[in-house]
Structures are given as structure tokens and as C-alpha cells.
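Labels for the chains are A, B, C, D and E, by order of writing; each one numbers its residues from 1.
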Amino acid sequence: MTLPEDTILSVRDLRTWFKAKRSTAKAVDGVTFDLKRGQTLAVVGESGSGKSVTSLSIMGLLAKPGAIESGEILFRDRTGSVHDLARFAPRQFRALRGREIAMIFQEPMTSLNPLYTVGDQIGEMIALHEPVSRAEARKRALDMLRHVEIPDAASRLDDYPHQMSGGMRQRVMIAMALACSPSLLIADEPTTALDVTIQAQILDLLRRLQAQFGMSILFVTHNLGVVAEIAHEVVVMYAGRVVEQAPVLDLFAHQAHPYTRGLLACTPDAERDLCADGARRALYSIPGSVPPITALPPGCAFEPRCAYRIPACTEALPPLVRVGANTVSRCIRSHEI
Amino acid sequence: MSPVEAPLLSVEGLSKRFLARNGRVVHAVSDVSFSVRKGTTVGLVGESGSGKTTAGRTVLRLIEPSGGKAVFDGVDLFSLSEREMKAYRKRLQIIFQDPFSSLNPRMRIDAILGEALDAARFPRGSARKDRVAELLSIVGLSPDHARRFPHEFSGGQRQRIGIARALAVEPDFIVADEPVSALDVSVQAQVLNLMGDLQKRFNLSMLFIAHDLSVVEYLCDDVVVMYLGRVMERGPSRKVYAASRHPYTRALLATAPIPDPTRRRERVPLQGDIPSPLDPPSGCVFRTRCPMAIPACADIVPPVAHLGGDHHVACIRHAELA
Amino acid sequence: MLRAALNRLLGMAIVMALVVTIVFIIVRVTPGDPAAVMLGPDATAADIASLRQRLGLDASIPEQFVTYLGGLLRGDLGTSIFLNIPVAQALWLRAEPTFFLTIFSLLIATAIALPVGVLSAYWRGTLFDQAATTLAMLAASIPSFWLGLIFMQVFAVQLGWFNTSGFGGPGASFAERMHHLVLPAFTLGLISSALITRFTRAAMLDVLNDDYVRTARSKGMGEWRVVVRHAFKNALIPILTVVGLTAALLISGAIVTETVFGLPGVGSLIVSAVLRRDYPVIQGALLVVAGLYVLVNFIIDMLYLLVDPRVRY
Amino acid sequence: MAATAGAGMAREPNLLMRIASRPTALIGLIIVTIVIVLSVLAPLIAPYAPGQIAVRFRLQGPSLAHLMGTDELGRDVFSRVLHSGRTSLGVGFAVVIFASLIGVTLGLVAGFFRRFDAPVSRLIDAMMAFPDILLAIALVAALGPSATNVVIALGIVYAPRLARVVRASTLVIRELPYVEAARALGVPTPVILVRHVLRNVTSPLLVQATFIFANAILAEAGLSFLGVGISPDIPTWGTMISVGRQFLDQAPWIMWFPGSAIILTVLSLQLLGDGLRDFLDPRLAKDV
Amino acid sequence: QTAGGVIDVATIGEPPTLDPMASTADLVGIITQHIYETLYTFAEDWTATPLLAADMPQISEDGLTYTIPLRTGVTFHDGSEMTSADVVASLERWMRIASRGKQADAVIETVAATDDATVTITLNTPYAPLLSLLSLNNAAAIIIPEENAAQDPLEAYVGTGPYKLEARVPDQYIQLVRFDEYASRDGEPNGFGGARLQYLDEIRFVPVPDPNTRVEGAVAGQFAYVDQLPVEAFDRVSSGATEPVVLAPFGWPVFVMNTQEGLNSDIRVRKAIQAALAPEDMLLAAFGSENFFAVDGAWYPEGYVWHTETATEPYKPAGDTEAAKALLAEAGYSGQPLRILTSRQYEYHYKMAQVAQAYLEAAGFTVQMDVVEWATLTQNRANPALWDIYITHSPFLPEPSLMGIMSDTSPGWWATDAKHAAVNAFNAESDPTKRVALFEAVQQVIYDEVPAYKVGNFNALAAQSPKLEGVTVSPWPYFWNAYLTE
């Protein structure tokens, strides 16, 4: 298993399927990306494009009919040895989770257990992985609450989750995730449920903590604005597949895939979409809607909605091709775009 | 005030209090005023819980208001009896956020639209079928979708049906409560375009509720910024976006992420959380998070200052932001 | 917390007041003159009149209600016509078998249901789950008297391990009395375990899909701990409700089971009271049983307050 | 944000097709149908009249002449089981109808009109405080034993259970945008109640009704067993068992067959209800 | 034969009262006969024999004066000694409260204490059944202390019997313990009479109302004695931990006709019913095996002095549907429902009713069954408007006058001149042998006028532990004289 020294996580052609009696949902069907140490990789895509399934596959937390069909998930732990998480047994995951890879979720309201105080829940994380006394775990939990900038941390330690606001809870989740200083943090839409002002606080916090703890972040989102704010690298997903990966500046400057291009064009932008007299120009919009993942066309999944489509698009799944220095794209016409 | 013409809808001093479970009072909307001119769209923005939905629904009398006036076409809707209100129902319509629960899953599309047509006293018979087909084509659906059930449509299509239902009674005024928030970005643009077109085509007036600032900037002529049930600032979009005079609006605009990494700003996000509407701060409700707060802010509810050109702001230090 | 408790107490009081009213109404809908019915055909008009007076039947309905309430407040449930002792005493004399029967059945039911429910939720869709679910449904379909008869036939008559009926004679030791309860308790316990199993499974399925369970797993916690500490504790809240509900259902079950096993409990007292037309006893039993149900619900509400920090605002 | 086009596809209108896709529910449906058909056609199918006495042939084991043997008066157990099914199912069905009439009304009123919610809910709570058999016994004792009174009593017993379910669903539906849309259109409240609310509570109602059907059959059997149910000359499974238990030794079939009939009917109703619930209304699993 | 031991006796239920004057229920009699005693009781051959009386009464020539000598040295459970004052007060209470006492009251002029140890009863007309009435254990003429005689209902359960009441937990048990100061008669036990020996320390009567539970309890050996088992359970009881006790014959089931009102006020209808019924099938359905019943139209079975076959021709074991049809046509019957009032307290009543229904319908009757609780039945049968036939049973009573139909006022209200002629002659005659002949006339009139239909004879089944000995088979089992063996 080869993995460049500076890469902490490399997902290679991952396929995670949900097999039912009649149909197979290919939720993740050929996802490939690399995450460099200390960097933030943003995964963007519309609802149902397989972002969460990808992150759960990495954590080994897939729910029942879901299973990794093929592919590799190479992960470099603290000691420098590389593991293929796609072949991990549940028991092996246990030592890894929390300690090496931690995760925060979209819904801060429900991701904390309502029956335990936040102090308990952070302390539990520490006690699971390190031989600490109760008092010590509590002290460390308090430290973490301070790290995530919860005001008056000492008095919030014994609060129950329902006594906190969404933003505070998300901070607690982050404190818990970082309690054992993992080297990789997976954040699955951590700000989607929050208000813009709180979202800004959390993004800010994550950036600062990254500088402080040095962890790499896999940041799942569907908001391109957030991507622009936080990511070093961006992976764009569509219908379970990676359609493009590029450094964030490159991606926003030039999109190699028609889908990425459409995605950027269809969010309203006053400078672009409003005339000087206030009249509106029609927004660019991608026609049609995402195909159901149980019945994907054999070729490019975006083809039916694509403005650049040619007959060849329907024939075979386009491969991921390198188009720029650091950009890969899954489009046979990337070079023409 | 310098009205060009009398607005179609003018809301004054609207407030709504809810009784919460344990007998405490939620001040969902307090003393909100704004007006909607004929053929224009007013955007209502604010963080969640700021009372946008409540304001929109009270105007339509879907919730009974606790106080204030809503003068629509010269009549105060709040002073009407439930029966008198009936006559106005078809002139005021609403579009919802959730495309899944806004259509009765057990009714076919023609029945859903038919219900609206009944309300408009549209005669039964073959004309009705044509009208349903017409409505469907107005929102970009095919007439043979009429016999389907809602679950057979995608989210975007359902939202179009919701719009068709609102249009069926040929209303003058529509409250659109976050109509695109639940949609995928790629579909969102389709619906926004449709709404923009229809507004022009039928000369509709619209109260457009959203929390996405860029959408409001794109679609709305005027904007009302709410925080914790109160209006912080309102005025023509261009003015508010370009030259906001309220620290909250400024903070909102500054913190909204823009999809452009080159414009990544080093900025200080607002500190703290939104206070509970159960006991809002005294004086200016925003003062607890306001970077410009001074002790005086706690004492009085800031009076609404009229800055000309229909631009109003509720901040005692608005002059310093000029 | 105190406030919440007081709130529940008030709710309980209102429900109890309604219960009392309902019982009053049920007894008053009895067609005909209860006094005449009670005294039988040989009674003279004078006897009936005096009984009417003693029962307060000559007063107007609202007055009767007030008297009845007054009696209740003094703990007076009336006097049994047949047994000629106060109803409260009659019920109290019969309380022991019913009390222990209910407790044992509940213990048996939960001892079966909780592990089975939790495991079948955890192993959802497996053979174990299917077997457990089907068995639970089967158990819920068996009339308790039928199961009781089968048990009696097999374990008491054929194998002779238990007594078929009764509660031991006078002076029977506690152990002896409890021995009489084994079969009825298993009958009722098995049948009511069905409901709790299904509920536990549903509640667990619900929680197992909750985000915080995923959070717990993402911490690197062992499965057992995730299930018990994080999932089960949350599922316990709805499960508590159904256990309370089962306690009430058990009283229904006890009526039939006690009759089958000849246990001198409240259940068989109720049946005899119906057969003997002992209206005050029926009335008193209804009231006491419903009151207990309300009380159990109240206790469960209080337990919620202990278990669930969200409700103690 | 998570709303996908796919999530909306979960509801298909064709109920039968969907039931058929679940084997246990299908088995339940088939058995229920068979039981209903057999009971309805009992007079045609039954080889003997249910009350036809032939004392000389009493207590005979199952044979070709008497598929389920004969009872203590020489009556044909098979014929009696079939005819009892009519009573048991009839009572169950009538109870469901009666309980639905009360329960749906109460539930809709409590759920839809805020001002009636508290009083009606408290009333429901109070009625639920009485264990089913106990309340039924008391009511039958008060009203006198007869099929009608058993139905009334059990109907009153189960109505609050239905009312609860209807209320809970109504509370949810009341707040749904499509109800609000109808109000915005000025649709009259009774029409909203029927067209939008009632129509959408049918799923949980149907599920609950199935369980109540099952429970009513069990409860009726219990009442008959105790001898406080329907008049004993109308054969029911409960009375058959209560008589049969005297002959458990010599003629176990008298008790076995009606017992099995109850178990089979109730079990299949429950399977059906469970299946219905699984795809009609998963939330319902939580309340009773 | 060792003293000591405790037995549990399963009874058919909780007695409504422990005052045997207040009730005619067999159950009350069975239990209370251990507590209280009467002046006379029945010997093995069902003749009256003295119990608290020292000797048989001296009856005056005209049959109107009974002089009864009392035993001395008999103590009540409260320690006081029985005197004639107690006896007079008790008998007066009996005449006031007990249904049989009321019956006797009609013929009794006075009851007076002649001296401390003698009581004199004066009648206004000769009345042969008096001694039997005084001997019965239900609605019984028990002797209680004078100071308790005013109690109604009885509150102090003080008698002179061999056992006294220790504790009563309703529906659980009635506990009797040996009365150590009991003064037994001398000599040998003789039926209910003679010496009463107290071996057992304690007798507990445990109500087990459910017959099946009683059977199971018997099979499991839970009780020393289990009363009133369904006869079908004979095989099970025989193979269990107990031994069956069969009392053959025990009594007779009877269909009582309402002669006062409704269909059955027409004697032709009653005759049609008499012809239609098929006792053989009815008894078979009710009692399962021929070992437990006898098809017998005579009102007393063989073995009783009263037995006679006189006039029993209309009693047809298989019924006579054709004859019934003819009688019915003659009566001009037009399909009004014949209401049969019955209960399931005694399952065999109900089974007989079901078979009867089948035969009556075959004969052309429309039958309406009113199945009610026993309590309701006892209530409803008092109302002539409610029924045409009700079903009951009775043990063979030692004195025919005690049968319900003999009284004009008992439900059925049979009161015709022919009846009065036969019955009064029977009651007034005190010579036993002449009375036997007079009873033939009574049976004749019963068959002529059909005030009731006797279905047949049936046996009773009880079960007792093999360790329990000394129990005499009896319709009213008693447990003095009984003892436990190892």
C-alpha cells in the first residue's frame, strides 16, 4: 500500500452499495480523492450524491444493507503506518474511531445524547481511549470546552444538551471530536443546520482549531460559499461519483466539469445577475433533476442534463482524467470546456 | 414617508405573542411594519426564529394577530370577521417551503388545483379541465400530469404545483415562505426563474421570506431584516445591500459565505447566540450581540429612523454607520 | 422540577375526578332501582325504602353525587351487599394475591421482554428477530384463560409441580401462597411480555437510528456499551410507559386468570360481584383499579422526570 | 435539506399490492379473508345446524362425519366453530365500527380544535384508566348481557384508544402546509376536516382498527368465558371454551378448536395490522 | 382413629350468610350444621332423631301438642348453658325469619317453656311434617342463645355444635375449630344423630366456585374433601390423588311450571310438555353416563319409603312427540314462545334445558331460553309474568311436604282443589304407614295436573382424600366423626 508521505487519507475507486431485494442503490460508485495532512478537503454535491455515505464508509459506520463493494480507503495513522479501512473488521475500527478519526454531524440538535451532560459525553470519549480517572476526564472535558470557546465553560460542563443552543451543541460536538486529538476530522455538513451568523462562528472556530491541533479535515457540504471559505481542495460529487477534484482556487476560477460549472452558475450573484437598473437576468439553471441512483444511465450520469452532451457520453462511464496540474475531471469533453 | 402610490399592503405595528407550554409568552413578532407596493416583491430575511413565518402567516390571518394593522387594498384585514375575511382569501395566497408536506398526498393534482378553483368559484365542467391544464403549463408542467399523485413528482415539480395552486385563484398578493430553501441548488434556480417570470407576467405583489441573502438580493425590490421578532432595517434592496445602516444587517451581509475563495474575508463573526424569544433582551433586542452596543441600547427600544427613500432603520447609532 | 411535578399532580387530579364521575355514571345507568335489585324479590316496600335511604338513592342526582364524593373523600367506598363488609375492606382482603400476581407477572414479562426486544431490534431482520416478533405476536393472540387452562393441565395436573387453584388455606406460609401464584403469574407474564417485547423492539429501533447512537459509535465505543448506555437508556422512556400500561392490562388479565386458577384476588372478587349483583363492590373495584392506573401513570411521569432531563425544566 | 426526490416515492396508492409484498402481512390477509369467508358462509358450509343436538353421539372425537368431533350434547363442533366465527367476527366488526364512530369524532375534535383539546384529552385519559375487560364487565353488568350491550361496552372501551391515535395524527396534520393552504384558500372547516384531515388519518386509523378488531375478539371471548358476555345460546368461541374446559380430559377437541380459531384469527389480524403499520405509518409503532 | 388434624373442604362457593335460619341454601346448611344444632335431626334412615332434645316429643292424642324434653348440660360456644328460654327464643326467631319456620308458623299456636328443660309446642291443626321441619339443616330451627335471638341479620355466630367459628375471610375460607366443651350425645353415631365425635382440630371450608377448578383441585389432592363435582369428572377424580365419593341417588332435577300465568296456566299445555320431554336424552346430556343418573318417574326412588310407581305412565323415557303434538293441537297452541328460565350456575340445568328445547321444538313449541345468573333466576322466578318453566333441582328430602310444589306460595303457585285434598290429608296424618299410602295420592295428583316435571334421579359426585375417613356419604356432608389416618 503506497501512500505519499503528505497524504493522510486516500480513497480509491470506492463503491458502497445498498443492496435490496429488487434494486441496488449505488450510493457511492467510484469515489476517488486524496486528502493531504493538515489540509481541508471539501466534498460538495447535491442532496443524495453520496457525501454522507462516503464519510460513513471511512468511519466504518455504514448502516445495514450498506456495504463497501470494492475500492480502497487508505489511511495513515499517527505512527505513520497505513491501513486500508475498506478491509477493516468492526473491532479494528473501534480503536481508530475517536482516537485517529473523529466525526461531527449535521444535526447538532440530535447528535448528542439527551440523557447525559455534555461534560459526561466529552469525558466518555477521553475515558474510552485513555486510562484516565473520572476527575481527570472531567478536567480534560472542561479544557476542551474552553478550546471550543464556550463562554463560562465551567458552568456549562454539567448542562444537558437541551439546555444549549444549536451553535453551542455543535461546539460541544467539536470538543468531543477533538478530545483525543485525532489526526483526521470528518465533518458532515456541520453548519448546514445553523444560522449564517453561527455558521460563520463555527467555520472560524474550525479554522483556528486546525491551526492549533493540526488535524486534517474532510468537510462535507453542499454550500459552495462554505467551500470557498474553508477548503484547500474540493471534490465535487454527482450521483455517487466524483466528477471533479481540484484545489479550491483553481476550481472556482475554472471548472473542468459541466456539472461544477452549472452548480456555480445557478446560485444567484447580484453582480452577475442584476442589471444596473435593477432588472433581473434569468438565472442559469440546470434543466431536469438528479436521476435516481437505483437506475443510473450506463454512461455519464449527468448527461441527460448536460449542455455539452454528445452521443459518446451515453456509451461508457467517463473515466476520471487529469485536466490541469492539480485537477481531475470525469468528463470526456473536459478539455473543450 | 414619501409614497409614490398607496401600497397594496401596508402592515403596521404587527405583533404576535404565543403562549408557550409552561404559560410563558413567546414574543414571536413585535411591532413589525412594512409595506408592499403593487407588482413588487419584498424580501423578509432573518435568522431562524426571528419571526418571518409568523409575520407572513398573520398577515394572511392564518394565525390570529395579537396586535397591529394590515391594510390591504384599503381594508384592514385584521378588523374583518372570519366571514368577511373569506372574500379576501382568494386575493392573498401562500406558497410553502416544504414541497413534500404542502400537497395532500391522497389527492390527485387536478383535485388539488380543483379545490383552489372551487374557492375561486370557478365553474365545474370541461372549462375547468382546460384551466387545470393551463395552470400546469404556466408553471412548466405538462397537462397530463393532472391525474397523478404528488408522490410521483420531484421536489422541484411539487413546488411548481404549489405555485400553480396559489395562482389558481388569481391572487394579487402572495406570501412565499422560503419556497426554494428545501430544493437542491440545481433546481432552486429553475424555481426562482419561474417565480420571477410569473411575478412580472401577472403583476403580482409578493412577500418573499428567505434566509439566503443572495436570493433576496436577486429577487426582491425591497427588503425587511428581522431579528428576534423585530424589524432592524428595511428599505429598497439596493440601498440596504449597498449601504446598510444597521449593525445587524451589516453583520449578516458580512458573514454570509460567498462562493468565491478570492474574496475570502478576514472578518469578526457576531459573537454569542440568538437570545430566547421567551425573554428577549430589554431595549434593542440585538444589543447582546451587537459590536456597537452601548449602555443606552438596553434602555429603550430604538425608534425607527426614516432615512429617506423608504429606508428605515431601528438603531440609535445608525448615524455612525453612514 | 417541582413545578413539573405539581403540574402532573394537577393533571392526575383532573383525570381522577373524571374517573370518579364516570364510575358514578356507570352505576347510575343501571336500569331499574338498584335497591330493589339488591334486596331481591322478597323485599317489602319498607325494606326497599330504607335501603334507598341508606344508599342515598332518594336524593336528587347532584345531591347523590355530592354524598358519593363526600364518602370517597372519607375513604368510604360503600358496603358490600353480599359480604356485608365495607367495600374497601373486601378489596383489601383480596389485595394480596392480585398485588403479587401483578408484580410477578410484570417481573416475568419484563425479564422476557426487555432482552428479547432489545436484541431483536439490534439484530433486526435476522432469524432471531423474526422468530421473536412472530412469537410475541402469537403470545398476544392467545386468550389468557386458554393458556392458563393449558398450563394448569400440564404443570399442575400432569406434572403435579404446582397447585391447580387457590391461594393456600388459612395460615399458609408466605412461600406456600407465592407457590400458588407461579402458574398464573407465568400465564399473565407470558402474554403481557408480548406487548412489552414489541414495544421495546420498536422503541429500540427508533433510538438505534438516532444520531447520538451514531455519535457514540463514532467515539469508538464497544457495541454492547452503545446499545445499553446510549440506546437502551433512551428507549427506556417509551418502554416505561408501556410497562405502566401493562400493569393496568394485567388487572384485566387478572380478572380472567384469577377465575381460571381460583385465586381469591380482586379480579375474582369482581367476577363474583357481577354474578352476585354486588354493585357497591363493582363500583369500588372500578374506582380503585382506575385510581391505581392513574397513580401508576403518575409514578411513571415522575420517573420520566428522573430519567429524562429534558422534561424537568 | 435532505429532502430528495426519492424520499417522496415512499407512498404508493395501491394498498393491496403493497400488502402482498410483505409475506407475513400477506399471510395475515389471506387467513383473515378465509376466516371471514368461512364465517359469512357458515350456514352454507356447516354440515350441521349449530344447535342440532344428538345426545347419543356426544363427545365423539374428530372423524369424517364430524371434522372437529362433537360436544357434550352431540353437536358438531366444526359447525359450531364456524357459526361462532360469525358472532365473534360480527361483534369484533361492530365494535370497531362503533368505537371508530366515537373515537374518530373525539379524536378529530380534540386534535383539530385547540380549545377542545384539553377537556377531551382528559376525558380520553380517564376512560383509558379502566382496564378493558373490567370496564366491559361493569358496563355489561349495568346494561345487561346481550350482544348489543357487549358491542356497546367494548366500543366504549376501545373508543378512547382510537381517539388517541386520531388525535395524535390530527395534531400533526393540522399543522401541515397543505391544511394551511386549504385554509388560505378559504375552504370551509368541515371540508378541511374531511378532505384533508380525515382522509390522511385513515392509515393509522386502519392499523389501529385492525388491532382493536383483534382485541375485541379476545375481549369478547374473555367475557363469554367468564359468563358475562353474550347470551350462552348464541355460540361464540369464548363460551365454547368455557364449556369445553369441563371436558378437557375426555374431549379436548371441544376446547382446542375454538381456541385455535381465536388464536388464528387474532394472530392473522395482528400480522395484517403489523404489516399495514409498517408501510402505512411507521410512527405509529410508538403509541398504543 | 386419632384425634387431631386439619382438613380443607372445597365448597361450591361463598355462603351468602352463616345464619342457617336465613337461607335454604344447601351450602349454608353444610357449613353451619357444624356450628349450630337443632332439636332434632335425621338418623341414617332419614327418620327424625333427637339432637338437642333429650328424646322424641310426646305428641298428644289429637296431634296438637308436642312436649319436647331438652338435654341439660349443653353449653353454647360462649360458655353459657342452654335452657328452654333459649329454645323458645330460637324457635320464635325461626318462625319469624326462616322460610320453613314461616311455613310452620301457620300451624303453630304457641311455643312455650314448660320448665327449664321442657318446651311445649301447640298446633292449631295436626301437622305431620313438623318434626322434619325441626330437623332440617337449612332454614333450620337452630338453637342459639336467647340474647342473640333478636339479631337480624345474625351477628354473633354462637351455637352448640361440635365446631365453632374461628375466622371467616370472605371468599377465602371459613375456619372452624373444635369446641372443647361440646356435649356429645352418648352412644354410637347414627346419621346426623347419635354421638358426634370430634377428631379433627380444624375444618376449613374453602370456596372454589369454579367446578373445573374444584376438579383440578381434587385431582391434584389439594383438598381433603371436594364437594359437588361435575359427574363427568368421575374418571379424572378416580385417577388422581383422591377417591371419588358417589351419593346415589342424590336428587332430582325438576322443571317447575308456572301454573298461575301464561302458557302453562293451561293444563293441556303442561300435559303436552310432559309428553314432549325425553328424560333419557336430557339426563344423558346432563350427566354423561348412565352410571350417574336413572330414568325414573317416581318422585322418590327405590329405597325410600315414599317410593311408588303410581300414576307414572305419562313419564316416557324417550318422550312422545306425537302425543305432545296432539295435546298441543287440542290446547289450540299458536306459537307463543314458551319461556324457559334457567342458569348456568349448575351446568346440567342448562344442558337439560338445551335438550328439552330441541324436543319441545320438535313437538311444535316455540321455545325462548332465558339464561340468567342464578341470583337473577331466584329473583325472576318469583314473578309469574316472567317465565313459563324454570329449572331447578333438589336432594331427596326426607319429608315430601318439604318439596317446593307442596306449598301454594312457592314459585309455580300450584293451588288446586285436587292438590289441597291430597296434600292436606297427607300432612294431617301422623301415622307413618298411613302416610305412605296417602303419598300415592299426592303423586297421582302431581302427574294429573303436572305442576312440575321430574326429569329423573341423579347422583352426586364428591371426592375425598384417601386419608380422610369416617365421612358418611350425604347430600350435606359433615365432618364430625371424621378423622385422618396416616
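Everything that follows uses one rule, which is that a contact is a pair of C-beta atoms (placed from the backbone, for glycine too) under 8 Å apart; a residue touches a chain by one contact, two chains touch by 3 or more.
What you see is a predicted model; the values in this text were computed from it and never measured.
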With subunit A removed from consideration, the chain sets that still hold together: one piece
Maximum centroid distance from subunit A, chain identifier (CA atoms): E
Chain centre separation (subunit A, subunit B; CA means) in Å: 32
Centre-of-Cα separation between subunit E and subunit A, whole angstrom: 92
Subunit C and subunit D: spacing of chain centres that average the CA atoms, whole Å: 22
Whole-Å separation of chain centres (CA-atom averages), subunit B against subunit C: 53
Subunit E residues counted as touching two or more neighbouring chains: none
Overlap residues in subunit D, where contacts from two or more other chains coincide: 1, 3-5, 227, 245, 248
Residues within subunit C bordering two or more other chains: 259, 275, 277
Partner subunit D, residues of subunit C touching it in the complex: 11, 14-16, 18-19, 21-22, 26-27, 29-31, 134, 137-138, 140-146, 149, 153, 199, 202-203, 205-206, 238, 242, 245, 248-249, 251-253, 255-256, 259, 270-271, 274-275, 277, 282, 285-286, 289-291, 293-294, 297
Of all residues in subunit B, those that touch subunit A in their complex: 47-48, 154-157, 184-190, 192-193, 196, 211, 213-215, 217-219, 221, 238, 241, 251-252, 255-264, 267, 269-274, 289
Footprint of subunit C on subunit D - complex, ascending: 24, 122-123, 125-135, 137-139, 141-144, 214, 218, 221-222, 225-228, 238, 241-242, 245, 248, 255, 259, 262-264, 266-267, 270-271, 274, 285-286, 288
Complex contact set, residues of subunit E against subunit D: 211-212, 215, 230, 232-233, 235-236, 281-282, 284-285, 288, 344, 347, 350-351, 354-355, 358, 369, 371
Interface residues, subunit D side, partner subunit B - complex: 1, 3-5, 7-13, 176-178, 180-187, 195-196, 199-200
